[in-house]
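Input: structures, listed below.
Here come two complexes built around chain A, the first alongside chain B, the second alongside chain C.
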Partner chain A sequence: MPSQPPLPPLLTSYLSSQPESSLTLISSILGATSNWLVLRYLYSALSTSNSSNAAIGFDESHNGAKKVVLVSFLRGWEFWRAEAKRLGLDLARLSDKKQFAFVDGLSELFCPPQTANAAPSPSPISAGFPARTTIPLRGPPGAVPGRAPVSALPALRNDNVARSPAELGVAKKLHFSGRGTAALDALEKDIIAVIEQLKAANDESEEVLLIIDQPDFLLAATGASMGIGATEMSEWVMGLQQTVHTTALTVAADSPLIHNAAASGNQQSTPVEGEHAAFAIGLAHRASSVMQLRTLETGAARDVSGVLRISRGGGLSGANGLDEKELLYYIQRDGSVKVFGRGES
Partner chain B sequence: MSFRKRNIGLSAGVDRAAIPNASAQPTPPESIPGIRPSPDDGRPTTSTGTPSLDGLLAGHAGLPMGKILLIEENGTTDFAGALLRYYAAEGVVQEQKIHVVGVPEQWGRSLPGLIGTAESLEKRSDKRKDERMKIAWRYERLGEFGAGIAGSRDAPTPTGDTDAASKQAAFCHAFDLTKRLAHPSITNMTFIPLVPSRGSPFVAILKRLQDAVTSAGPNTIHRIVIPSLLNPTMYPPDACQPEYVLQFLHSLKALMSAHATRITAMVTLPLSLFPRSSGLVRWIELLSDGVIELCPFPHSADALATSGAATSQEEPPQGMLKTHRIPVLHERGGGSDQNVGQDWAFNLSRRRFEIKPFSLPPAEGDKEAQDAPASSGMPKKADLEF
Partner chain C sequence: MAPVNLSHRRTHNLLLISKLLNLRDTASPLTLLLDSLEQPATPLIQEYIRRAKLSKVHVTLVAFETVKRPDGCDAIVYTRRKTPAEIIKEVTAAYQPVASAGPSKRRLIIIDAINPLLSSRTVDPNFHLPSFLGAFITPTKPAALKSDASLVVTYHQDIPGFPPQNPYLPSPFSVLNYLATSIITLHSFSHILAQKAARDRSLAAPVFGLEEEQDGVLLGRLDKLVGTGAAEGIVLELEHRRKSGRGVLEWYLLPPASRYSANHVKEIVTLLDDNILYNPPMESAYGADEEPQSTFELGLTDRQRRDREGVVLPYFDAQHGDGPGEGGRILYDMGEEDDFDEEEDEI
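Moving on to the complex of A and B:
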């Protein structure tokens, strides 16, 4: 099989041209994850080699000029770095050049780092939000320590091999503490700080693409008892959206999470399900485009990984000129992706 | 600098031409027992203690390090517990550190006894032992899937002698459920009890896991065993509040990604209490790297099961196994594995847990059922024509 271009030709137009202040929603399910599509977004925004994008001439000036902030709640830096490497994208170098910033929502979101053991646990009951006091472990927020010697960072004295130099590409580690909107505000402030920092870097382009990977996890793992619901989360996203050029979000759209809430009358629906459905559907109504990933209804196939449905969202800018499409995709063993229409191959 | 580059290239492992220079393997060197590079992309993997489960994991021939495997089970049987015991026993034999959450120490005493390497069991049952082809000695140490690709990267054993091969550190062992494991390193198991506390019961567990992992040396390999997560006989009622259990799993994931080459975890979940159709369970699944569901046949299906064996030597399947998510493969997008979407059946015998493709039995002795339609509901040929 011939090797595939990093950006599937059928998707280039969708990935590269988003109108200003637009929101793209990517939904995934258990068996059809969205990471590959997020990586394609990264590639289309960050890559400077335009060989595969030659078809869309006028966009080339934008390519490579964009900046990206990736906030990931379910996957660590190592995963994104390694997978982007397969596409020929060196995220560590790009973050040195202030074109890319990774915000780590996995490592220390709920568990305080080892050295801060004095404060035992982020018990959900502990009210108040001394969020900023636990953060300094990563040093000042501005420091994306590219090739800085490890010893320069006091926090890294912590014995371990796990603190590999690779981790230096992480711009910020999020901490969740406190409850309710106050806790969300702290997270928002952290992320905006990273965005501003990227904007401030000397470059002609101000366009920042913000990708948030699975913010719905934050909702599921906190919930009403910690004062966070779908409304608060939507406002949180809205607040972040204001600071960037375009936004892309991934959420889970498994049937128990979306459809259980609709089973009205029954007492079946739990808060997790209800809030999740409200959040995801609310986002879809605000989005300018929705990319749905799911597996084949007819069962697994050897040469198809899943179905990608691209449709307009309910947002304002969604009405103009987006081609609605349903495509099949196939992830090959080496990580490259083939996207094709039904009946083609 | 150049070292880093090479390291990255290897873990990406796209083209097989780059693979054979085994000198630059990623972090755990092959000298650590029980760890071997995946034949698929060279990442370190460890055995689950069940050869056929290793084979199911998308060509990696083992559980990749840093991944959580969730095993769900329907009904009241304890097949998942057997898998978990194999997993723990394998860890004991490989002298890894085992952390068992929530069960008393008796659990550790009921691990199945060691009866040799998995390969030796295979050989005993393998009737074609004598007619083994000459070329096969290179491959025999490897799992059954992806064996072809794997062969090239494995350092050739000095002799073709089978004794020499068995002296090599085995990757997977065979265990006997009727015996009890007696191994010097069984003391490597630590049991983390659930202590009643206000707030999340998981905070204390997580802290102990963190301390254990960070205080151990960089060459210690850990296995985290969580039997029957959320089972109300062990966990307090409020443990299944989403903010407690999901935050725990997220932190566990964080811990494992921070020490990605040193930890694996296996979790079992009783589906009868927490059905897959609930949002909470779906989030638990989404947080796991691999999700496998066991559906044991009810007793009424015994008839089917007995005739389900293709031949009289094979043992009848005891249930169906579904793979919902497979480590690494689905993280990338999924789908390109030949094992995904197959129907699997499993069978637990004294000596092994075997997973094999499920096939419906030929309808033997089903005369009445075949004759019956003629008289009853089935439409006649004439009715179907138009």
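Moving on to the complex of A and C:
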């Protein structure tokens, strides 16, 4: 099979042009994850070789070379760096150029913040355990301590310590403390600080794209007992949305998380199901476009990984011109993605 | 539906919807829009704003989920991290009626989604929804500068609510339903058509989006739904409660905004029953006068018809009951062209 362009041609128009202060919701399920689509977003915003549009003469700030802040709650920096590298995107270099910033919501979210610049001897507990309690769904082998032999842990930690000063600007680590909206406000402040850093870095393009990967994890991990519900999370997203040009969000839309609590199902639902459904559906109501990933209804296929449905969301500032579409995609062995219509190949 | 009835509805109910959408005479102080992901209320809200602008009504948007101010909106009040009391205060402050001269100006307050407020955890447990909504319509300030305010509240039906703190209180949705003077439920026209097509064939009506309960599907809406052709627009199911207590139920069709200019004044909403796609005209009286074409002459001449009518069929004769064996005989008068054969035609 011939190698695919990093940006599937059918998706370019959806990935590159979002109206101002728009919200794009990407919903995924367990069998059809959204990582590849997030990476395509990163690529379309960050790569500068995207000259085909620039040649036509649209205003050039709109294609390529935007600034991106990626907040990830389920996957670590290593994962994104490695995956982006496969697309030919060097995130570490881009973050040195202040074009990209990564906010790590995974590795230390629920541990007490350490003093900056890595204290000389962080206790092994705080280095080892938290990562284990919030294991990512899928990460590169090296970054998952659970899989590494125990003896390797100190080495890993040393590695972290050695790297942290260089990475300080890159991977801001989020810490959750307190409860309720105060805790969310603290997270918001941290993220906005990163956004402001990027904005201040150089002024040629002010457009910042904010990608929040699976904030629903935060909701599930805190929940009502911490005074955080769907409304508070939506407000949190809205606060971030107001500081950036465009926002893209990924949430899980697996059936149990959505349908158990949805109005149509009348069985008793758990608080997590209810909050998650309210959060995800509420976001879809606000979004200007919704990209839904799912597996084929007819079962697994050898040359189709899943279905991507692009629809308009319910937002008042919705992109009215958006062309609704349903496409198939296939993730190849080398990580490249082919996107095609039904019946085509 | 009898045609007389339809024309009656056409006159009265079209007038009603036009009155409601144009906010005339404060026909409905509290309008509840029930929408879902399959048909968001956005087009209808834009239509409200468009009409309000035409008639110079002041529009305030209370933004629970909108970030950018929509065109034509005079004021936007963000509700993030604000208590209901603060929201009311800001909304009231957003509009200062100019001097007392002239007729009081009308005002439209749109709440883009009430759900976040209803499921918020930070809101005071003593929060009282009716008085919150009432405060918009009749501000507590001295009524000297009274303005006629209409409130349009959107409620997303598909966002699950939460069990109320107090099990003896009605759910917020019931309260809203009870308070509203008109309720508009929105449907996608193409879905209505698909459901009607299924009903006409006595099939189970199809469901869309979340109701499909399919893994990973939030929205089912696609532009080109199979078999519905150019079905654009949204269907409004209106329930209006008159002051007299009588309710009016009607289904309307609001065409998409691209079909008319922003300054269009004439009523654009039509009855759903008048729509050609929903209610295709009966293919009336085809072939009532025509007869099938054939090479045979199937008609009768006048003479033939007279002769045929003159024939007395045997069973008429039998009904006289002249005794056994008498009735039912076949009496035949020989014509001159008949060839009588003794052996064969013996009776």
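Rule of thumb we're sticking to: the second predicted complex is superposed on the first by the 267 of 345 C-alpha atoms of A that agree within 3 Å, B and C clash if a C-alpha of one lies under 4 Å from a C-alpha of the other, contacts with A are read in each partner's own complex, and residues count from 1 in each chain.
Convention: contacts are C-beta pairs under 8 Å (C-beta built on N, C-alpha and C of every residue); 3 or more make two chains touch, one makes a residue touch a chain.
All figures in this text were calculated on a predicted structure; none of them were measured in a lab.
Engineer: Should the superposition on chain A be reported as showing a clash between chain B and chain C, or a fit?
Structural biologist: Superposition result for chain B and chain C: fit.
Engineer: State whether A:Leu7 touches chain B only (first), chain C only (second), both chains, or neither.
Structural biologist: Touch status of A:Leu7: no partner.
Engineer: Which partner does A:Ser107 reach: the first (chain B), the second (chain C), both, or neither?
Structural biologist: First partner only.
Engineer: With both complexes superposed on chain A, which partner does A:Leu174 reach: first (chain B), second (chain C), both or neither?
Structural biologist: neither
Engineer: Once the structures are superposed on A, label A:Ala32 by its partner contacts, choosing first (chain B), second (chain C), both or neither.
Structural biologist: In the superposition, A:Ala32 contacts both chain B and chain C.
Engineer: Report for A:Ala253: first if it touches chain B alone, second if chain C alone, otherwise both or neither.
Structural biologist: In the superposition, A:Ala253 touches chain C alone.
Engineer: Quick one: is A:Ala84 in contact with chain B, with chain C, with both, or with neither? Answer first, second, both or neither.
Structural biologist: neither
Engineer: Classify the contacts of A:Thr270 with the two partner chains as first (chain B alone), second (chain C alone), both, or neither.
Structural biologist: first
Engineer: Counting only touches as set out at the top, which of chain B and chain C does A:Gly223 meet: first, second, both, neither?
Structural biologist: A:Gly223 contacts chain B only, not chain C.
Engineer: With the two complexes overlaid on chain A, what is the closest approach of chain B to chain C, counting only CA atoms, in Å?
Structural biologist: The answer for the closest chain B-chain C C-alpha pair is 11 Å.
Engineer: Identify the overlap between the chain B-contacting and the chain C-contacting residues of chain A.
Structural biologist: Residues common to the chain A contacts of chain C and of chain B are 31-32, 254-255, 295, listed in rising order.
Engineer: What does chain A use to touch chain B in their complex?
Structural biologist: Touch list, chain A to chain B: 30-33, 35-36, 74-76, 78-79, 82-83, 85-86, 106-111, 114, 120-121, 123-125, 158-162, 165, 217, 220-223, 225-226, 252, 254-257, 260, 270-273, 276, 295, 299-302, 304-306, 329-335, 337.
Engineer: Along chain B, where are the residues that touch chain A in the complex?
Structural biologist: Residues 4, 8, 11-12, 14-15, 27, 40, 198-200, 203, 206-207, 210, 214, 218, 241-243, 246-247, 250-251, 253-255, 257-260, 276-283, 285-287, 291, 324-325, 330-336, 338, 340-342.
Engineer: Can you list the chain A residues touching chain C in their complex?
Structural biologist: 20-21, 23, 27-29, 31-32, 180-181, 224, 227-232, 234-235, 238-239, 241-242, 253-255, 258-259, 261-265, 269, 274, 277-278, 280-282, 284-286, 290, 292-295, 297, 309, 311-318, 323-326
Engineer: In the complex of these two chains, what residues of chain C are touching chain A?
Structural biologist: 35, 37, 40-42, 45-46, 65-68, 70, 80-81, 112-113, 115-117, 119-122, 156-160, 162, 210-211, 213-219, 221-224
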